[in-house]
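What follows is subunit A paired twice: with subunit B in the first complex and subunit C in the second.
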Partner chain A sequence: MSFSWAKPYEPKSAFMRWLDQRLPLPRMVYGAVGGGYPVPRNLNYWWNFGFLAGIFLTIQILTGIVLAMHYAATTDGAFTSVNQLIMRDVNAGWLLRYAHMNGASFFFIVIYIHIFRGLYYGSYKAPRELVWMLGMVIYLLMMATAFMGYVLPWGQMSYWGAQVITGFFSAFPLIGEPLRVWLLGGYAPDQAALTRFFSLHYLLPFVIAGVVILHIWALHIPGSGNPTGVDVKDERDTLPFHPFYTAKDGWSSLAFILLYVLVTYFAPNYLGHPDNYIPANPLATPAHIVPEWYFWPFYAILRSFTVDFILPAKLWGVLAMFMSILLMFFLPWIDRSPVRSGSYRPVFKRFFWLLVVDVVILGYVGGAPISPWRTALGQAAAAYYFLHFLVILPLVSAFETPLPLPKSITDSVLHGEEAEAAPAGQKGPRRGSVATAG
Partner chain B sequence: MRFILGFIGSVFAVILLISFFSNLATYFQSPPAPLAAEEFHREPKPLALSSDGPFGKFDKRQLQRGFQVYSEVCSACHSLKLVAFRDLKGLGYTDAEIKKIASDWKTQVPSTNPDTGEPSTRKALPSDNFPAPFANDIAARAANNNAVPPDLSLMVKAREGGAAYVYSLLTGFQNQPAELLKKFPDAKTPPGLHYNPYFANLNLAMPPPLTSNGQVTYADGTPATVDQMAKDVAAFLVWTAEPNLEARHAAGTAAAIFLLFATILAYLAYQQIWHDAKRIVRVTGPLEPKNQARTRRAKAKEGIAG
Partner chain C sequence: MATQARSAEGSHITGEEGGVRRRDFLNVAAVSFAGVGSVVALMPLFVQMAPSKDVLALATTEVDISKIQPGQGIKTSWRKQPVFVRNLTPKEIAEANAVPLSALRDPQSLGERTKPGHSNWLITLGVCTHLGCVPLGIGEGENKGPYGGYFCPCHGSMYDTAGRIRQGPAPLNLQVPDYKFTSPTTVEIGAKEK
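On to the complex of A and B.
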């Protein structure tokens, strides 16, 4: 798809030749994630997280399908079906449930690293705007899926989280309250809400899988970016995805999954909230209602608006929270710098790390109980969040002088890794390695 | 478009900064009054159980003692709805013992009279969950000074601090400190409630359940001090909340060892595959003149003509 030197698919057996002529599916896979997809040779480990995101989507779908076989989506039975049937009586049900619970958290860890990698290396810039925007669509779908999944065990946080999050809609004047009632199927979360959340929670991951295909398709038109941000110039700049990046992604993905397995088996409830082991009770509000950790930064932005300025504070909070994600769709046009990689943008780089700290602060404020100083901290951090993306980024991209870029990817590899100056070939180019030019 | 977005961003930032300063102003004009619940609340006391840590296993004798405390003391008010009698096998009881425990249980299971169809009750079977002491929440409230005793099945997972919290709460009942009353005269424990610094708002509806040493006579002869009983019942509640803990620890250890090996093998494969790729970058193709010189030097050093 992307480069003229991409190796074409060659069927290895009579059957594959037969299949290829009728349904070229192996050809498509070979061109997408096999030897037929040339990838810049200088990718670092931050580029492994797209691959990992695919692994976690698969884990979530597989564990989720089996969990759904045992789960009862009724307000009377949901809590018991999760906490007695699945956790005690289903064979290895506890493993499925903890793997699914922590799989959601680790999926978000992977996605956040993937997004911040894109922010640092300018992955959203031309010609990859649509790759970025489709990625943001996936992220929004993930948030919806995760939120509805958290409601399903029908614990206290499930119930009150649903109450608070659907309450956002009632902030909008006139249509807000009818809209909320329509979405919930009632005045408060109840059987109607639970059943539809279950239905959508089962549906959306498959929608995500569909958008993932579009995301990868759009990526394969220009090909993967790389840490220098310099375009691929010729064949020397690339390596075939298989075996080079399957090997690199393979080992680092296993290392990351080891971390996931340790948390799942030895601290399965560390990332959750104790209140969700109390059955939902519409008459008792928990002392501190907090969403799951991956929503904390947005929750902090929502809670930061405490002054009714022309519009009610709640409406400001809801608008700002939606805007904080929607602005990501405009990023390719907000950042005008022709240089993609943050490594060659000294001013941008500093602001980038400031943004990382800022989001961590927002996350802390969003997850902790409200106190006056924490609210103030959150307000300052939320103000910086908007200033960073909508004011600082366009200004920096207009006035910054970038560092000189390497002439080519291959050139940057040679310059960057001098210490590794390898012995020359004892055996000559190997079968399967890149063809040599000249 | 950039200007519109920049404007929107500035509006949000300005409103946030207004909120920030008005927030600070209120804070300094009228600092929030200190609360008794913040100053006198205590974190749980440390509690070491054999089920702790990545290789932790249950101490079955302790679980049986804890179960004895539950059945003789706690079960008067607290249900254990998610646990079945058959699950007691995990505590080391035999099928016959479990059958006896079930049929001797003080509360019977709601049933239907097979002859008349009238609602009735029957003796519990091993396949039954523990019957709740009260028919419903209203009955529970009526009998307990308008408070519903919570179900204990998941108690250890449902509270910050887990088993240590349960242990601290059970041993933490005391008189309200004079210091507290001096500082917060309005915070006197209301009648019918009981002061306990480990409870979030300090005043708890539950009266002290473990009051004297020897309240329970342990079958295994362990001296039943209040502290021992509290520890045992906390250990028992770890089991009710997480009956598969031992299987989880064992499977986790196996999975971690397997993955560690797989990661090492995959890393070695990666190095093998990339070894060539790294070298070829250096020795092929007309690159920058500077790099060609470097490549020639590298080759000369290795004694290869090129």
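On to the complex of A and C.
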């Protein structure tokens, strides 16, 4: 699609030729994920997580559709339909439910690795800004979908999660409270809220699938990035997606799915909260209410604001939480360094790892019960999060001296050893001359 | 451009040179009509989200308070939300009145939050004004927090004996719903005082 040497699609049979002239779907697939999509030859394992994310989206949609066949979205019946009907009565229902529950967690693990890959290697930079922004849209949609899905079993954490998260909207002046009541269809989460959450929880994954197509489309215009961040220069820099990256993605996906299967079978509730096995009680909040682990860093930012300052602390918390994600949309313009890859940015690289540590600390604080020292730690970590993006990153990109970049992708992988580029049994390079590094 | 349009439209032109043509009016009218129509057609999709009449109908709840001793409280439910009915002890009332209003985030005296002649009855929603959790402190032996009122376990908001926010992220005091005493031992929550 993106490079002149991309192999054109050639129908192999009369039928495929007939089809190609009427509906060139196989041609599109071939150009997108087949031999017709040239990919930089030097991708490392961090580049496998996009493919994995696609696998987990598929797992979630398949298990979700089946679970919906047994689930009852009523305040009286939801808890029983999940915990008795699906978990005990439906054949293999326990497996499907655990697969869906842990599938959500693993989807987020994969996405977080995918996002941090993008942060380290500067995948958000020109010409891939829209790829990044569409990715953030997918991430926001995932958060909404996961939140509404967590409400469906109508346990204590479901109920109070719904109460707290819709409570975010009440922080906005004037329109906040009417907006919250409108979103819930009542003054507290109840039947109306449960049914609409179920409807949207079913809808949004398909919206995500649609945005994923846009994400991949936008990616395939400039083509995939790579660990050096150096642009592809000629055919020697790329390999066809199939069979090279289908094989590599396939192997790494199987390895990762093994981990997912192990957790699903042997520790299916490890990533969940036991209180969600208590039916929802609108009159009693659990003593320690936390969202699912993948929201902990944002929950910590929300809880960091405890003092009114011009605006109420509550509004600051909600604004900061939303801003911490919306900020990401501006990242291509916050980090102005022309060097994409963190591997060639010694100062950036250190701050990147500090950010990773910071987010892990935020996650810990968000998931732990409130105590004075944890609140202080969370406040420091939340402040650093914003400091990183609003101050450190612009300064680093202005003053940092990057390391010299390799002349080309091929150059970086061959380290100047001409023999490496040669076909087996030959001494010289395959064709033309391979640039040699000093 | 104008002359071209005019020659194309021939004898149908009614406006002055460069003025509004009949076609312009038709365009504006058609687009406006379609626009207003679309908005009206979307209205049902919007209003279906709002609370339905049966939800709104649960507007009042009657509570018998005769068995609540001073220092005790009960949790009841109104419009699917928890309501705290608390019989304050003289000590708690004195504590609440001792606080200068200037020290409060949401300044209100205990007198403004109770009914005249019933100043020992503190009736509030049991909904933390931060993000809607149910604070602890109404039940026997629950954590009342450092101000002797309520403590929200979710994000650590602390309320005093008048249900006023004293510390933590919540912006406002616990909301006092509309209610009236229908007899010395009965209150009707949701009903306005005449």
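For this structure, a couple of remarks:
Everything below uses one rule, namely that the second predicted complex is superposed on the first by the 415 of 438 C-alpha atoms of A that agree within 3 Å, B and C clash if a C-alpha of one lies under 4 Å from a C-alpha of the other, contacts with A are read in each partner's own complex, and residues count from 1 in each chain.
Quick note on the criterion: a contact is a pair of C-beta atoms (placed from the backbone, for glycine too) under 8 Å apart; a residue touches a chain by one contact, two chains touch by 3 or more.
A quick note: this is a predicted structure, and the numbers were derived from the prediction, not measured.
In the superposition on chain A, A:399 makes contact with neither subunit B nor subunit C.
In the superposition on chain A, contact of A:387 is made with subunit B only, not with subunit C. Looking at the shared chain after the overlay, A:287 reaches both subunit B and subunit C.
Contacts of A:160 after superposition: subunit C is touched, whereas subunit B is not reached. Judged by the touch definition given at the top, the superposed model places A:181 against subunit C, while subunit B stays out of reach. Residue contacts after overlaying the shared chain place A:330 against subunit B, while subunit C stays out of touching range. By the document's definition of touching, both partners, subunit B and subunit C, reach A:306. For subunit A, the partner with contacts to more residues, out of subunit B and subunit C, is B.
In the superposed model, A:168 makes contact with subunit C only, not with subunit B. Residues 287, 305-306, 313, 375 of subunit A are contacted both by subunit B in one complex and by subunit C in the other. Contact residues of subunit C toward subunit A in the complex are 49-52, 55, 75, 77, 79-82, 105, 126-127, 129-136, 152-156, 168-171.
Residues of subunit B that touch subunit A in their complex: 1-2, 5-6, 8-10, 12-13, 15-20, 22-24, 26-27, 32, 54, 81-82, 87, 129, 150-151, 153-154, 157-160, 200, 241, 243-244, 247-249, 251-253, 255-256, 259-260, 262-263, 266-267, 269-270, 273-274, 276-288, 291, 294-295, 298-299, 302, 304, 306.
By the touch rule above, subunit A contacts subunit C in their complex via residues 160, 163-164, 166-168, 170, 181-188, 190, 192, 196, 282-289, 303, 305-306, 308, 312-315, 317, 370, 375. Interface residues of subunit A, counted against subunit B in their complex, comprise 41, 80, 83-84, 87-88, 94-95, 98, 236, 239, 243-244, 247-248, 250-251, 254-255, 257-258, 261-262, 264-266, 268-269, 274-275, 277-279, 287, 304-307, 309, 313, 316, 320, 323, 327, 330, 333-334, 336, 372-373, 375-376, 379-380, 382-384, 386-387, 389-391, 394, 407, 410-411, 413-414, 417, 420-426, 429-430, 433-434, 436-438.
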